[in-house]
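Next up: the structures, one after another.
Look at the two complexes coming up: chain A is in both, with chain B in one and chain C in the other.
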Partner chain A sequence: MAVKVIIPTPLRHYAGKQESVDLDAKTVGEALGSLTAQFGELKRHLYSEEGKLRSFVNVYVNDEDIRYLQKEKTALQQGDTISIVPSIAGGLN
Partner chain B sequence: MATQVEQAAKAAGLSNEEVLRYSRHLIMPEVGMDGQLKLKKAKVLLIGSGGLGAPLGLYLAAAGVGRMGIVDFDTVDFTNLQRQVTFGTSDVGRKKLEAARERLSNLNPEIRIDTYETRLTSENALDIIREYDIVADGTDNFPTRYLVNDACVLTGKPNVYGSIFRFEGQASIFGYPGGPCYRCLYPEPPPPGLVPSCAEGGVLGVLPGIVGCIQAMETLKLILGNGQPLVGRLLLFDALRMRFRELKLHKNSDCPMCGEHRTINKLIDYAEFCGIRGEEKETPVSSEIPEITPKELKARLDRGDDLFILDVREPHEYQICNLHGHLIPLGDLPKRVSELDSSREIVAHCRSGKRSADAVQFLSKAGFRKVWNLKGGILAWSDEVDPSVPKY
Partner chain C sequence: MLRLTQKQIAQIHEHGAQDYPNECCGALLGREDGADRTVLGLVPLVNQRNDSPQNRFSITPEDVRLAEKEARAKGWDLIGWYHSHPDSPARPSEFDRQHAWPWYSYIIFQVEKREPREMRSWRLDDDRAKYAEEGIEFIADGRR
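Showing the complex of A and B:
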């Protein structure tokens, strides 16, 4: 399924400065796998060393949080938009 | 002379001055006298009087929120003026609370402003927040965000949330009865250093202006009971594309804070939670990073010592000012390390000394034995050696 992954500003540096990436994938997991295969540096920002999605990064298919769908097994439809939404706090760390 | 009845009516209502001041509210059926009185009785606490706090404070004061509290311990800095529009150039060096109080009181002398010149902590948060109906979070760091969230959930106060980064913003309302809290969205904070700050990431000043205004709007809607508030909705704003998107926020039934089985019943150590204190304990090597001060560097260069200056900033920073160093941005260092000669003495610098400390640590681990960090970066160089170098 042709889907678009929206890259949030803090992570664009690791995705070749792109705002969004078009991919072909059947599930969210596949899409993120494809994304991190294309952009290796993105992997550590999205996944922990154990290979789990980091908890300060949320992933949405269209407007739904995948934690309330089938997580990384969530099936994708043609034209879906996957949003990666990390927590941001401006200012200082 | 006003009779007791007239006085009582006035006390329950608005003075003639207030009627005139708020006339544009009063002529709207959605607000009217009832709505304005709700605003007058409302008590809103602003956490932070910075980029987000500026429009929040200004618009809530303008709207006639009867009581506002502001928590901030900071002093107005020249670099704040690009976005913190409560302040003027003449306020640089003053306490933010003092300058904010003056500005907001001038805008609207009818309202009560209480200031809390303190850092919000686990010790004081509950007591301060309890006095208010709504909290507007305009803070700039993760530990405080979690603290504010938890304190709001524990005291039952809605938390109007806004945050920004570069050209993006987020807004929502957490802690509304039946709605999600911040931990439902982000159970854990990012480890320190993974998400850049405004000082490192930069921000277009008007962005917190827009997001803060959205927060002010949501606060007013909560007070008035109008419209659909951002409860269970995460508003995402992309300023470059000028697009708003919305994502659904679910209340997490397993949330340790607001879920069915709460496991967090009191405020915790948020610095530890965010890994900040932990990092200090785990990396004592940060205090062992070899350093050279700007004066020492100048002395060695004047002596003719063969030092290699490595600048680990970004190209656009190099354009602002530089020490004619060899530029390898920190993020590129791992793949460009072959450009460096480990037999030479290398002094690494950045803007303030933080990124270059990381560079020195990286190079040391890679086997470089003669690397030093320029303490305080090019900012310190400007302060101590060459004031003609602009600070930024």
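Showing the complex of A and C:
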């Protein structure tokens, strides 16, 4: 399925300064895999060393959070838009 | 270098004093100028870590989108974030580092018994191993 992935501002310089990337994928996981295969430097900011999506990385398919769908197994339709949206977190210790 | 006016610094300080002993947080809107950045506006936000606000802060993706929308409406960019460290130094903790995004400027400022103290700004390295400190330049209000 041809889909568009919206790249958040803090990651654009790792993706050739592009605001979005078009690619083919059947699931969200496949799309993110394809994205990080194409732009290797994205991987460490999206995934932990254990290979899991970082907790502060929020992924939406057409404005629906994948946590409430089938997570990375969420199936994609032609023309879907995947958005990667940051949460911001921290603390003093 | 991150440029701010004294008025903006005062606004950030006031937010930190107001929310003390909890961490405050907010967005920095502005623009890049080569390697430097100029803060043009602030978006004070509500710390969503109600369970542990004295040593944790959290900004939801909805608030991130809101800040981005506000930046776009003014022809600016969302360039970073500020948060306070109550009674603790103005440098990133390990928890900060684990949860940081690259590229953004992260202002951290100490609030000691409700009094704002040191303010520093940091950017996460590409390899996520540590932060690089960026200097803060104070500019006169009205100068951009």
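In this text, the second predicted complex is superposed on the first by the 87 of 93 C-alpha atoms of A that agree within 3 Å, B and C clash if a C-alpha of one lies under 4 Å from a C-alpha of the other, contacts with A are read in each partner's own complex, and residues count from 1 in each chain.
Quick note on the criterion: a residue touches a chain if its C-beta (ideal position, glycine included) is under 8 Å from a C-beta of that chain, and two chains touch if they have at least 3 such contacts.
Since the structure is predicted, the reported quantities are computational estimates derived from the model, not experimental observations.
Q: Figure out whether A:T27 sits in contact with chain B (first) or chain C (second), or with both, or with neither.
A: Once the two structures are laid over each other on A, A:T27 reaches no partner at all.
Q: Between chain B and chain C, whom does A:D63 touch in the aligned arrangement: first, second, both, or neither?
A: Only chain B; A:D63 stays clear of chain C.
Q: After lining up the shared chain so the two structures overlap, which partner does A:T36 touch, if you call chain B first and chain C second: first, second, both or neither?
A: Neither partner.
Q: Is A:T74 touching anything from chain B or chain C once the two structures are fitted on A? First, second, both or neither.
A: neither
Q: Based on the A-chain superposition described above, do chain B and chain C contact any of the same residues on chain A, and if so which?
A: Residues common to the chain A contacts of chain C and of chain B are 8-10, 13, 45, 55-56, 58, 85-93, listed in rising order.
Q: Using the touch rule from the top, collect the residues of chain A that touch chain C in their complex.
A: The contact residues of chain A facing chain C are 8-14, 41, 44-45, 55-56, 58, 85-93.
Q: Name, in rising order, each residue of chain C that touches chain A in their complex.
A: 23, 25, 49, 52, 55-61, 64-65, 68, 77-78, 81, 83, 85-86, 88, 92-96, 99-104, 106, 126-128
Q: Under the touch definition given earlier, write down the residues of chain B that touch chain A in their complex.
A: Residues 50-52, 139-142, 145, 163-168, 170, 185-190, 192-199, 201, 203, 208, 234, 236, 241, 245-250, 252, 276, 331.
Q: Considering the complex alone, what residue numbers of chain A touch chain B?
A: Per the stated touch rule, the residues are 8-10, 13, 19, 45, 54-56, 58, 60, 63-65, 67-68, 83, 85-93.
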